[in-house]
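Take a look at these structures.
First chain A sits with chain B, and in the next complex the same chain sits with chain C.
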Partner chain A sequence: MTHAPVIDIKNERRHVDDLTPALARRAGFTGVLVLVVGAILGYVFGADHFAEQFLRSYLASYCFFLSLALGGLFFVLLQHLTYAGWSVVVRRLAEVVACAMPLMAILALPIVMAVLLGWKYPFSWANADVVAHDALIQKKQAYLNAPFFLLRTIIYFAVWIRLASYFHAKSVEQDTTGDVELTRRMAKVSAPGMLLFAVTITLFSFDYIMSLDPHWFSTIFGVYFFAGSAVGIFAVLIIMAYLLQREGRLENVITTEHYHDVGKFMFAFIVFWAYIAFSQYMLIWYANIPEETEWYHVRQTGGWERVSLALLFGHFFIPFLALISRHPKRRKNWLVAGAVWILLMHWIDIYWLTIPAAHDGAEPHASLHLLDATCLIGLGGLFVWSVAGRLAHQSLIPERDPRLAESLAFENQ
Partner chain B sequence: MASLAGEIDNTSDDPRVRAPLVVGDHDLASVTESVARVAEAPRPPRAWYIAFAISVSALAILGVMILYLIFTGVGVWGVNNPVGWGFAIVNFVFWVGIGHAGTLISAILFLFRQKWRTGINRFAEAMTIFAVICAGMFPGIHVGRIWFTYWMFPVPNQMELWPQFRSPLMWDLFAVGTYFTVSLMFWYVGMIPDLATFRDRAVTRVRRMLYGFFALGWTGAARHWHRYERAYLILAALATPLVLSVHSVVSFDFAAAQLPGWHTTILPPYFVAGAIFSGFGMVMTLAVPARQLFGLKHLITMRHLENMSKIILVTGSMVGYAYLTEFFISWYSGNIFERFAFIGRAMGPYWWAYWIMVTCNVVTPQLFWFKRCRTSILVLFIASIFVNIGMWFERFVIVISSLSADFLPAQWGYYTPTLIDILTLIGSFGLFFTGFLLFCRYLPMVAIAEIKAVMPRKHRQGAAAAGEAGA
Partner chain C sequence: MSDPVAATVAAPHEGTEATPEPRELFGLLVEFKHEDDLLAACRRVRDAGFSKWDAHSPYPVHGIDAAIGIRPTILPWIVFAGGFAGMLGGLLLQWWTNTVDYAWVVSGKPYFSLPANIPIIFEMTILFAAFGAVFGMLALNGLPKLYHAAFHSRRFRRVTDDRFFICIEAADPRFREAETRALLESLAGDAVERIEERGHTDPPKLIMHVGLVAACLALLPLALAARAWYSKSTLPRIHPILNMDQQEKFKAQRAHPLFADGRAMRPPVEGTVARADLHLLGEDDHYYYGKIDGEWATTLPQRLRADVPGLLERGRERFAIFCAPCHGMDGSGNGPVRLRSDELGMPLVVKAMHEDAVRERQLGHLFNIISNGINTMPPYGDQVPVRDRWAIVSYVRALQRSQLATTADLSEEQRAERQRRRSGND
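Then we have the complex of A and B:
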């Protein structure tokens, strides 16, 4: 392997404090505005069903942005766990995305409140009337009940916030001290951290998504949600790196080689997602047991079949063919286009997971609601507010990471 | 460098340098020498003869068992109604699982640029080949009328019998067949430069002709290397999905059914994780004595062993995650049959098998949280044996416990293996080890050419300056 001459990062623009605070303010303001205006419009025009529709739309977008933050945490944990060298120059970006976790904890409040108040939506099992007439939910009450749900939510966010802030804080500390010991300590913490991550993300997906249809169950569900989150973060990293470089930041730091590698991971996880999705679908389809197929039944009728097919092609076949070659992965513009596409598909995936389930007995029809859009933009604005705001506070790369030189000189063979 | 009871310690986790992957005072020539002399020695070590004698005896037992089976019928096994799948399927899944580490190391770790794989990939791949042969044998002899085995292949015949493509067992044939073919190609293509080395060093005519034949006229020309590298990369890309698909398809044999305990959606990735886990367990079991016996400690270093132990910990934890998820969902489903199946596993008639499985597969790998255990040859070896045992019992639990008690209590039954079953299992180890020992004796056990690419220096400079292994 040949090594390119290592660049001097001191000559690079690696701060965005002149740029992102304004962006963060604008995004945050827009987010709140759209969320509020959307809610008012929804209330005025939707009156009776407003709260239900709002919570459903809100949950879909909430799970989408949370999955990105979780993906960021996964990426950081993975790099430390594997002593990765190539990824150092993009790790800070993932650290910052993961640090949206406190915001996501606050944004969980409307959902948790709905459960605590015993509303029928988004989770029908939270409502005493529903449970009283449903023998199957009664059997699950030891798990599906409001206090335990609240407790689990607190535990999830305690774990995620702690992990995200730990890795971010230690990494930033290293920027000034250059202490090698910090790298070793982060590697040590990453192993139990990954274990905690696996357990919490699984149970979160059971609680917040799978239990929307409280009769249905699938052991692979946690892995499915994880696979989507991983796809999401690699797309986000590509887009972030691209936008930063467009503003003249990290111009020589993040190279074609790094785009190529992030692109490879995105490709790999697209295939992994398809593998998990296929495993779940094929086994349920093949065994054809009604208590399992009902979940897919609602997703294959009432217009949802089109969404399902859009996922099959848009989340797998098209990106698979588009990204299999090394050339698109090494051309920034193509790769970014692919990443934007994939991120859109990931949102459709989460939408497809959450929306069809949240109905009151009736089979739901696929139609985009105004609130779906306003919640997406609203929560998106707040998410960008968190990420962009935090980006301004430190360097965009781990300045004195002991493997930074390796990452800067990295070349694909 | 500190000494770990005769070992050179290259397990330091200093993030500033990458650990050396070839330790001691070695240059390119001495690496070639140390691998080639194993195959060129007039006689292998005495331990090899002892191991070979035992293996061949076990192989002979296998032959007798199969002949007895064919001439008598599958009634000689313990299979009954309802447990129609007994040891044969347990052993099949077990051996396929063992066969996963080789291609994972040579394909996936290659794509992940894990350079330490070069020390262990060759014999792990060989192990894969022999394990898949052992695996493939079992469904073949399980069909009862063995002379119709070829009906499994999609060949037209006069009776207009066609394979049932909707059956997961049929998919198995293709999945395992493809895996074997690609693994064999991978193993062989990777070995070509080393076979040429053996040819060039050969002192007898027979050796020169045989190694020369298989070396395909390799001269080490730049053009050869270019094509070789391309072929290797493409094969790695092709083999990577295969690593996941084979055991996923094997899991479909169970998961596509409606039987509680078998029908669960996490089975494909869970089986893959378990397969890699068991595969690495077996690589460890073989690597520890082999590096000692053939003097390869400088190529298969402590760091290689430590890394393998970490993979065992990761995949063991994944398997533990799957156990927990299955158990939780069986309760959460609210389905009494699901609940019964899983409580039955832990507390029913096969509770002992279940707890052997949990102890070996989930508890044992937890030792590897501690560096002291990851760098202790004794702990590594014993733990790897536990992993092998645990993974065999996992398949036993899945196959037997679910079949023995399904929906109708009137159909329940208890499965007891016969002596023939047990001897056939032992015999399959004979087949495996005979193949592996012959490989150790006659073929390059370590990828000489690949390992040279990760060596820091080409000339001897003293052990103390072993340097880093590159980015």
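Then we have the complex of A and C:
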């Protein structure tokens, strides 16, 4: 079908064993160090409010990195579900990002512990005193209670770890066996996998983010969180491909065409995110019922209105206009700059979801806390440790995937 | 214009019997069996500098754009312009209808409130972008194209099946028949064919006349619509969808053949009263009308006196729902509707419950005002049941009383407390 020059992957550098182990060690060490030093500083200077502030900051950064891993899982599931050929050369990267799931399961411990201990933060519904004075939370106790929360968390991570490791392991197995049957099996698993993914990511967003404000509810919330996760993974894929190529890996394998396509996906999900965000906003704005508007009220006061506007423009209008043309999507430097910007916006989005809700009583004020930064760097270091560590000891592309040739020769018309 | 099908049938292969009119050379056609040959040939023709030529294939061929040398299309700009126009149009349409043409307050929001308009703007953007894409594509491609000179070639029919063609037109400035033929013959194609067509002729008279009549007829609906728009009619309106407009059902004040007396509305069964019409019995005018022997009642109806605290509590709740929006929670006349009406510059007159005129009204009179309305206040009899109206009236009395408290209303302890504070202050 095609007339692009045939690329022989044998001539490509497609391993990073010489680079990433050292990077992983450094990132992991830095992450733990910053997390611990930040915690000590926070404890010394914050004293009374330390645990509260730490858990809030921790939850925000945790949800950010988990959303990236979830996005990776979504990307892999989607490619198998649709028999996608174009994406084969970048699929291994997404598989590896999804494999951060066991780390994310361990990192959930502080949050789960706070719930089990019945602390008032980050989730006020976990605290018996709060519940005793709150008729609404009492009615929601059947769902919002510590043992069930723990059980759900276990189920989420069981599903995610199983799916992520399944697709990664089968894909790596195919590198040696070249068995086409594996591709068929992965396609079969991806359909129920996608259904499980949809249910678990929705309920996770309800449990870990929406229940920060236990009176408030929005049925579209899971889709909103998912849209952000998808935007995040496309940005991550672009940045990863760029960094690898800068180190001389996969130089001819990942072409402008692939950047263009991932860029198109990123653009599409930016629009999807805005669509969902507005759908949620408009219904609440129109109905104007206090029990629903309170969530937006705290995000339109005390400095948060600036963050909200920053999201409206930074997460939608600016990237929409910047990426709508095909030219920026086909210029690597522009696209990478856009991806970095989008990733930053995605973090602000998650921050905006988690932090204002976590203040009970007093009107929250938008101000960056030291612990916000240390948790971001700390968890980021650990996340990089997981991803970079996983990248080693295997090829950066699914070498014997039956659709590899199609992907290598892929062209946008 | 000749019939292309007939022309194809009478193509050169079939024999060249009598072509009465002179034929003009349209161009040279060459056939290929393989896609790759077509692509290679296209590159040669492109490099030879031709501009009026085209490649024909049964399906879209990857890389053909570059091989023919087609410049990037301007279609994206047309789509963008369409989308932008749709966005602007949607915005202006809603701004004009909501603020200029038919200003109307909807759920207390400003006339022009952007969030409510976004869905329409969004849909209009998509619609006009899609129009731009479809019609722009058709226009740029010169579609629909019902006739092409290559239809005269019998072998060209296989272009919808398994053959590929290049056709260079004689109108191309670089076209020299011998040289061009030599170029085409050097390609990996089959025999080069001359495509001829009759020169330009006027369409047959019949087609012209039919077209003229059709164009005139097409104006008729417009003319009829215009007449209907600018004239008045005394005829009953037309019912295009009969089963919705004229349903087989009983309607009030109409005849109906089902019953012996021919009336659709049925009187109540002899000796009965509908529950909603109990007030018509005249047995408790105090309760239903607030009147005793034709005078406004000054007391609560007997049947409500058993639980006065409960009644007041109910009244407080109902008052907050039905009355407070205008009269305010404390009955001072400063409810949100009233405040909003001031803001909009068309103030409502809202009575305060504490005015003497209102305080001096009898209980039954207040009840009647809630039931039937007064001045600009609409009646609430249909929305608030009788018992709740009495509950509200009782609560209004409590509200009025609350503004007239004296020391006599305080309990012993409260009075002592007050005394102590006073002496403390001195």
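Things to note:
FYI, the second predicted complex is superposed on the first by the 411 of 413 C-alpha atoms of A that agree within 3 Å, B and C clash if a C-alpha of one lies under 4 Å from a C-alpha of the other, contacts with A are read in each partner's own complex, and residues count from 1 in each chain.
In this section, a contact is a pair of C-beta atoms (placed from the backbone, for glycine too) under 8 Å apart; a residue touches a chain by one contact, two chains touch by 3 or more.
Here the structure is a predicted model, which means the values were calculated and not measured.
Bringing the complexes onto one copy of chain A puts chain B in a clash with chain C.
In the superposition on chain A, A:Met113 contacts neither chain B nor chain C. Counting the residues of chain A that each partner touches, chain B and chain C differ, and the larger count belongs to B. Legend: residue contacts after superposition of the two complexes on their common chain; A:Leu309 is shown touching neither chain B nor chain C. In the superposed model, A:Leu368 lies in contact with neither chain B nor chain C. In the overlay built on the shared chain, the residue A:Ala128 is in contact with neither chain B nor chain C.
Of the two partner chains, chain B is the only one that A:Gly222 touches; chain C does not reach it.
In the superposed model, A:Tyr286 makes contact with both chain B and chain C. When both complexes are overlaid on chain A, the residue A:Leu136 reaches chain B alone and has no touch with chain C. By the document's definition of touching, of the two partners only chain C reaches A:Ser325; chain B does not. One listed stretch of chain B collides with chain C once both complexes sit on chain A; from 224-232, 404-412 or 440-448, that stretch is 224-232. In the superposition on chain A, chain A positions 1, 3, 282, 286 are in contact with chain B in one complex as well as with chain C in the other. Chain A meets chain C in the complex at residues 1-3, 278, 281-282, 285-286, 288, 324-326, 411, 413. By the touch criterion given at the top, residues 1, 3, 83, 85-86, 136, 139-140, 143, 180, 183-184, 187, 191, 195, 198-199, 202, 206, 215, 217-223, 271, 275-276, 279-280, 282-284, 286-287, 289, 291, 402-403, 406, 409-410 of chain A touch chain B in their complex.
Interface residues of chain C, counted against chain A in their complex, comprise 39, 60, 62-63, 65, 76, 80, 107-108, 115-116, 118-119. Here chain B touches chain A in the complex through residues 13-16, 18, 113, 241, 244, 248, 252, 255-258, 263-269, 317, 321-322, 325-326, 329, 332-335, 369, 470-471, going by the rule given at the top.
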